[in-house]
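Chain IDs A, B, C, D, E and F follow the sequence of writing; residue 1 opens each chain.
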């Protein structure tokens, strides 16, 4: 029977029929403001509560800000960082600035996928990480879409190979219905999509599991909320939009 | 509890649940004629009324015209400029022309993001600015879309790092539903979108808060007006269009 | 209170709440056959009737043909030209041909924006022009869209700086819903759009004021006619199409 | 009062309110199979019946085939060619082949617009042409769309300057709603569009006058037929499609 | 009266009002799986039954496979090939392989249009061909769309010039509504389009004659079937889809 | 009568009227998460149960993971591999890593189509393969779409020429309605499309046979399920969407 990792996001494990199959590399895709980063941090925090060490690769935000953001939801990682059970990899500052000097894991050349993977490998080993978040993987190939598939395959080899279960945050434009391009979409073991749609003049949030290797899962688009405690998914509330029927009538 | 900056735009603070969280860098996005510049100037003027110094970075318009435009709404900044509480950074004329010679803050090479950031840093320090508007940030990468994300990240580092709360005006075409491209949309702490839609032969204005880090906010599309006193948002009037449901039926 | 320039087009000043605010640089945008040139010539002719000298920059048509076209509507400019109150700038022939030799203002290198602006500056001064039409501004950047915004900004500096109120004719394709590209749309002080739509097998004309700095204006799409006396706008007739609601359903 | 040229196509002069104003250069635009060439040849043949000499510039078809096609509709041009009242300019064969050697007007370098215009000028003078058809003008810029506007302007100068009334056949793809690109659409004095639409499983033909300088005209989409005597337009039958309402709902 | 070539496809000659006018070069266009090749082979086989020799230019398939495919429908060409009344031109193998060595007509450089035309000319003469199929013409310009029109014109000159009636198979993508590009669509004497549409979850086949020089024809979209005897067209069954009404509502 | 290969997928052989005609090269096309790989592996496993040896070309996944995935459905290939009746060709690792060293068939240069075909040829001969799966063929031309048709033709020559029946997995983006591009779509002997559509907020799976040379087949879109025993097709359940009617209304 398949071993599962609990996301700890209320309602999400239920629609995943128990959690994400261990070692899966999952694309977490959505437009701006859909809650991708919050969900990813919540996944790591839940792991810490369950005794599963984790790593957050910060490509979009200063590591200090990441910790501030987490505390905003009541997720204080300081003790876990001291105990060596949680780490932020700074792939944002290039090691420049006062704060950056206090970071343990730093990617000096922020556009080097090779260095990133080296630092990631070391951190996973030292932290004994069970969970990893890369936020965002899109940044790694923003200017070179042709390497996207290769970047994801390289990450997958390390992340899955070293036994972690991971989320790759994939940023798409507000007008883009894809998940990050064909090479990326097919390479991932799973795809979770977050959406923000305007229905009758009001924005509504939803989540849909597009694919998940190794398990069946809800096939529905579920209503989702962002609260001050993090994300809540409603397994019993379905949003009936038709984003992915490609009829052209 | 999160510290907030009042926009002073009637109705807008209400749908922001109290204002923009301090230090947020907010994208103010919209097509031509949607009222972006008016809203941004009103944000600065409101700050001056509350004793919060501000800076307007003029990339689209002559500084003299900016002040004329403000006076058209009854916002006379002369005294504030004399007291060193308000400044216009001239990133439009390149220092050429009589009027430009009287400007204190001038970006000589108008296409140099580096110089702009230097001047901006100095001005923020001297004015002790709490609020900054960059109008428009799109101009900085109009001809080089590939640097857009980087420009926004650099600005964000200075603006947020020095403690200001800021609006980056993002110009999109009348036919463009995005907010300024994926790199920009994801890098901003917040996105406010202004729209001008033709409904049954009549143009209607609306505003929607697409995302705002650090606070919940109205999820509705609100009717907005431009009056001779500036912009007014109607928290109780919702415009039921469906701009951002990407169904393709 | 804002000073206004009467367009003299029946109905148009009414929906502009009195006319175009002085010194505004207005984009007059539309597809082929929508009546842009007629409206622009009528604007100049009306000025002459009111004692306001004017200039027509001919980029699309031979100056002789321009005068012929005007006479077709009963607008005979000969006396005004003799009195030095009206001028056509020939930016079409390059000074080649018999007729061209009789023109006073000629742009020799028809693709030189610099020369065009020099000649324009001289003509405005000599004619003491209050109104200027550039027909079309699109021609100036047809093959180099990347310079569009810059061309419009340069023209704006001269036209507004020298005190004229002006119309920049912007040609768009019959299938194009924009007004001439984002750089152009945002740089103009106003946008007037003319449309020709097929409704139930019949072409109908309409006009909409998309934006106009310094004044409120009708927010409706008005029915418009081309008669043998020129253009007539119907302030009380609204065409209920939905050209600019970007719902994608 | 405007002088008009009768097209001689039954029904078409009626919806043109009497014919095409003399010296107009008219774009005759449509997809494959819409009847552009037939209408253009019929325009020339009608001229011959009225004593108005004409010229057909053959860019798509062998001159011999052009004459065969005309005879298929009962339009035998032999006598008129002998009398020097009608000419086909061979811009198709490059002068290669037996038949081509018997042609009087030949463009040797078929991709040279300059040579084409030289030959055209000579032929108009010798034939004393009142009507000219260029079939198709699209061929002249098929591989270099950027020169399209310039080609049309050059032709216009010769055709209109020498007093002829002319049709420029513009080929568009079956899926293209434009008339041949913005430069071309705006440069022409008139636009006549032919369409072939599938309505409930049946193809229907229609014609619409999009613009025509110097005259008012029907604003309706008229049903059109191709008979063995040529084209017939039905002034009293309107086809209610909505090809050119650009609502995107 | 126009001379016609019977296609021999049940129902097709009827909707063509008797057949394809002799010497016409007809584009046979459709997406994958629409039956283009079957219809083209049936056209050749019918010719053989009527004593009209034919040639199939194989650009997509091994000549051996072509014959196998024909036999699958009961069309055994062996005797006709022996009698010199039918030939397959091998433009697929480049002459490589055992089977290819037994072919009489081989294009060695499969991407040379010149060699193809040479071989074709020889074969037409030797076989005394009345009918020719080129399957597919799209292959000849797949990687160089800019030469498409020229390729079709060259083929047309040979095919029509030597008196044959021919079908040029044009492959379009399943999502493409065009017939093979503007240059190609306008150069052909006729266009026959095959479609495969999903209506309420079921695929339906249809055929429509888009244009056919020299004859009137059915203007309807007819239901079509592929049976084990070949294609059958139903002149009395119309499929009411709306593929080619370009309303964008 | 045509010889057929049973896919062994419940319901699929029924809608194929008995199976895939022997030697056909079939494109198996679909977006991410549609079940392409599962169906392809099930096709190979079914072959093994019927005594037909098979080969899986692994371009997307580590060979070890492929076997793990198969065992997840109860398809244990170990014995068959030992008996030389089943092989995985490793075109993923480039021979790097411990596990890869134990693989028998390895493509060292993973982007060499030539080497892949060499290894494939050897493997087919040694295993005496009746069935082959290439997963995915898209990978071979992801960065060079212009060679797509050629790659498929080369594979077809080997696969069909050596007597195997094969599936080429074609990955398309979630937003792509095509099957992998025109060159690929027309070159394949058959096309099976898998879809995942959101209908009223719920994802539904379906399969449709778009074309299949040598046999008639169901023309309907059938509901499909992925169970823990593999894929099940429902011949009696039709999904009424309209993905492939290209009406643009």
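The rule is simple: a residue touches a chain if its C-beta (ideal position, glycine included) is under 8 Å from a C-beta of that chain, and two chains touch if they have at least 3 such contacts.
These numbers come from a predicted model, not from an experiment.
Peer 1: Counting one step per pair of touching chains, how far is chain D from chain B at the shortest?
Peer 2: Counted as steps through touching chains, the separation is 2.
Peer 1: Please state whether the interface between chain E and chain F is built from the same residues or different ones, using more than half shared residue numbers as the mark of same.
Peer 2: Different-residue interface.
Peer 1: Taking each chain's centre as the mean of its CA atoms, which one is farthest from the centre of chain F?
Peer 2: Checked the centroid distances; the maximum from chain F is C.
Peer 1: Could you give the separation in Å between the centres of chain A and chain F, each centre being the mean of its C-alpha atoms?
Peer 2: About 30 Å separates the centre of chain A from that of chain F.
Peer 1: Distance between chain A and chain C based on Cα centroids, please, to the nearest Å.
Peer 2: Centre separation, chain A to chain C: 53 Å.
Peer 1: Rounded to the nearest whole Å, what is the centre-to-centre distance of chain B and chain E, using the mean of the C-alpha atoms as each centre?
Peer 2: 61
Peer 1: Which positions in chain A touch two or more other chains at once?
Peer 2: 177, 241-243, 245-249
Peer 1: Work through the pairs of chains, note which ones touch, and then classify the graph as line, ring, star, complete or other.
Peer 2: Topology of the interface graph: a ring, with each chain touching two neighbours.
Peer 1: Taking the complex as given, what residues does chain E use to touch chain D?
Peer 2: It is residues 2, 146, 149, 177-179, 181-183, 185-188, 191, 208, 210-211, 213-214, 216, 219-221, 238-249 of chain E that touch chain D.
Peer 1: Taking the touch rule as given, give the residues of chain D at its contact with chain E in the complex, in rising order.
Peer 2: These residues of chain D touch chain E: 31-33, 60, 69, 72, 136, 138, 142-143, 171-177, 196-204, 226, 228, 241-243, 245-249.
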